[in-house]
Amino acid sequence: MMFSRLFENVSRRTLLALAALLIVLFGAPFVASDYLLTVLILILYFAYIGQAWNIMMGFAGQLSLGHALYVGLGAYTAAALYVHFGIGPWLGLLVAVPIAALAGAFIGFLAFRFKVGGVYFAILTIAVAEFARVGFDHLAWTKGSSGLFLPVAQFTRNDLWLLRGQPAMFYYVLLVATVLAFVFCRALLQSRIGYFWRAIREDEEAARATGIDTFRYKMIAVTISSAMTSFAGVIYAFYYNNLFPEQVFHISRSIEIILGPIVGGVGTLFGPIIGAFLLTGLSEVLIAALHAIGLDVPGAKQVFYGFCLLLVIMALPDGVWPWLSRKLGLSEREP
Amino acid sequence: MPFDVYLNVAVGGLLTGLVYGLMALGLSVIFGVVRVVNFAHGEMMTIAMYIAIVLFSALHLDPLLMLVPIAAVLFCFGYALQAGIINPFITRPEHSQFLLLVAVAIIIINVLLILFGPDAQSVQTAYSYDSFQIGRLIVDATKLYAAATALAVAAALYGFFRFTAIGTAIRACADNYTGALVVGLDVKHLYALTFGLGAACVGAAGVMLVLIVDVTPSLGPAYTLLAFVIVITGGLGSMPGALLGGVLIGMTEAMAGLIFTPSAKSMFAFAILALVLLFRPQGIMGKKAA
Amino acid sequence: MSTLLKVEGVSKRFHGLLAVDRLTFDVPEGGIYAVIGPNGAGKTTLFNMIAGVYAPDHGIITFADKRIEGLPPDRIARRGIGRTFQIVRPFPALSVEDNVIVGALMRRADVADARTHGHEVLRRLDLYDKRAQRASSLTLPDRKRLEVARALATDPKLLLLDEVMAGLRPTETDRIVAILKELNRDGLTILLIEHVMRAVMALAGRILVLHHGAAIAEGAPADVVRDPAVIDSYLGAEDI
């Protein structure tokens, strides 16, 4: 029932565009170079996590600046289970996702019970992520700050069950995850819970006066968002094969996660995807362009990247997608 | 370990904490008036640190003597930043402001990286290794000078807000934005002034910290976070709260580094932050929100 | 008529100031009951206690024979009390229709049902044609009616209206008065705080006059406006 209205209010044009995009994305590994494929993997990774983060901020209005926590918990749990007990990632998910969801629920419970909101909530999420970073630095079971490594060998064939294989396999796993996340988020947004979340985002007191148990619905948002994010962490662990607390839990990881959806358009379904394409694409184009003109000193790319971010947020404060969808003559109202 | 060691470390933490407090004071003043969280705060501090390093290595100018000029440069930077790009964002949602200031932070970090390279730099003054001995207590001269200066700057700022006409106008803006507009205050100018003052504070703190820590371009984010922790612990918008929070966090870090391991010290700072957020969200010295 | 809302000996103190002082009154089921009084008389505090924003320091509030004082606002809303805010607060970025759907979803699991119900409510409040607009783009009178619509969409037994006529032109006021009368005829009980005496006189079956947190008069409109204490403390100072 939840998915029965997925195609409601979607114009033919939008459907065709979506179908074309899907075909291109599914066919991409057959034509893309190895380099382009790694870029596409990165894009899908950020599109997926951005969608998960968007549930909390874009839908329910709770600004999390610590989503690296859930990525890290997912990554470390699945990797440690694999390294120590040989438990594969898909079974590892059964442990990793609940752990991350519990962490999210814990933060949410404390914050929402004690009425920590807005900027304070954002800082609390940073604090817990930083706490985890330092904690994992000293956790012997996951090899502390010296890093947790997954055994790597030359993979001749793709083992989907153990997630050992070529980049193309990770690409398809992430592509399926991104599509499912998109469909799931659209279904959420169209359902009762989606209306309640947006009411809370707009005005929490008015939402309560309209009978919404705001505590409960905010808890659901954090739990879903953290659980979804941890899946990306599991993929991260098995794709990169090494984990360092200093990298995984760092605040700059949390910031990376949320740049895409903000640039793309907070609260929109296409925002996180567009944002991931734009920012990861921009980053790669800058590297190539600066290299071509011989300006590839460390830091140069980031300076241009920073200026681009500045320009986008100043010109399009609501993000790229709301502007783009008006330009393309797609629905004035958000899907 | 003998008691002396604890005492010395605690006093060292207290003195460093006062400098932290001054840094956090800048953040607190900006948030208290402009209602924007300066996510580029630590990065702004590194600008001041590098100016101090350049002046010292090229012209042998002592950072403490350069405090006022460097703070003035940061004031101009802060004023321009607020008047130029932040002002249109003051009514926008928090995540928009966040993205804007993160972009500013990314630019600052990487411009510094291009100019100065990734290696740590420091300032070795003639008094770098001096210390005072009071009984069994040994106090670093640098930390003592830095802490005394931090207190002086904080006192000057307090005096400015209390006793000058502009300071009073700024406080009026903070209390009642629409009211300030109605009585004809130039709010945009006052906001820019406030942001400038906050930047000057963190600049002054940076000049002093340059005597205590090694500087790299990527130092910023850690200090931005530290400033948040201090300000929220002490109470956003409270000037004594910022200093008190700085001292509390400075001493906690110092003691945690001594008793446990230096790399775990920030964990204790975050633990304090979490406790304060949950049990006294307005901060130790903050006023309870109506 | 039976009593729908019963307020007994309710008091609330803020920072030493007694905002509401041992107030007692009954709102009959199916009636329109008005609370009037000068600014600062404690009207909004009283409302916020009934709606669950604050718990009273003392006293009992009974709604439909069950005690509700101290319950959180969302539970009180689900018991069947809808409210508006003095300073209107529709969900600004949502469309008019979505604002009402949020209310309608309180008693409906399905969004399509909620939309159908929402459309009915919007028609009653002359907002149906504006249903696709963002709430933030509405004019003040429209936003006030949207607040009423959102509260109505939750199917309340009792509607609390906090100065919905304030700032409206006389024709707009008359329109809202007509709408409220119609809703009342269909069985809705209404408790309103109002400054606009013309609306109060047209609507209310009973009036309670508050002054410094205490009741100085209660009764039928015609009697209350002739009460010397009321004229002295309130009506005399303002145009009727």
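We just call them A, B and C in the order they show up, numbering each chain from 1.
As a convention for this text, a contact is a pair of C-beta atoms (placed from the backbone, for glycine too) under 8 Å apart; a residue touches a chain by one contact, two chains touch by 3 or more.
Keep in mind that what you see is a predicted model, and the values were worked out from it rather than measured.
Participant: So what shape is it, when you link every pair of chains that touch: line, ring, star, complete or other?
Facilitator: line
Participant: In terms of Cα-based centroids, which chain occupies the most central position?
Facilitator: Answer for the innermost chain: A.
Participant: Consider the two chain pairs A-C and A-B; indicate the one with the greater count of contacting C-beta pairs.
Facilitator: A-B
Participant: Compared with chain C, which chain's mean CA position is the farthest off?
Facilitator: B
Participant: Report, in whole Å, the distance between the mean C-alpha point of chain B and the mean C-alpha point of chain C.
Facilitator: Centres of chain B and chain C (C-alpha means) sit 49 Å apart.
Participant: Centroid from C-alpha atoms only, then distance chain A to chain B, rounded to Å. What do you get?
Facilitator: Chain centroid spacing, chain A to chain B, equals 32 Å.
Participant: Averaged over CA atoms, how far is the centre of chain A from the centre of chain C? Could you give it in whole Å?
Facilitator: That pair's centroid distance is 43 Å.
Participant: I need the residues of chain A touching at least two other chains; which ones are they?
Facilitator: In chain A, nothing touches at least two other chains.
Participant: Mind pulling the residue numbers of chain C that touch at least two other chains?
Facilitator: Within chain C, no residue touches at least two other chains.
Participant: Considering the complex alone, what residue numbers of chain A touch chain B?
Facilitator: 57, 63, 65, 110-111, 114-116, 118-120, 122-124, 126-128, 130-131, 134-135, 137-138, 145, 251-252, 255, 258-259, 262-263, 266, 297-303, 305-307, 309-310, 313-314, 317
Participant: Once bound in the complex, which stretches of chain A touch chain C?
Facilitator: Against chain C, the touching part of chain A is residues 1, 5, 190-192, 195-196, 198-199, 202-203, 205-214, 333.
Participant: Residue numbers of chain B touching chain A in their complex, please.
Facilitator: 37, 85, 88-89, 92-96, 98-100, 102-107, 109-114, 118, 217, 221, 225, 228-229, 232, 261, 263-264, 266-267, 270-271, 273-274, 277-279, 281
Participant: Which part of chain C faces chain A closely enough to touch in the complex?
Facilitator: 51, 53, 72-75, 77-78, 83, 85, 89-95, 98, 101-103, 105-106, 109-112, 114, 132, 150-151, 154
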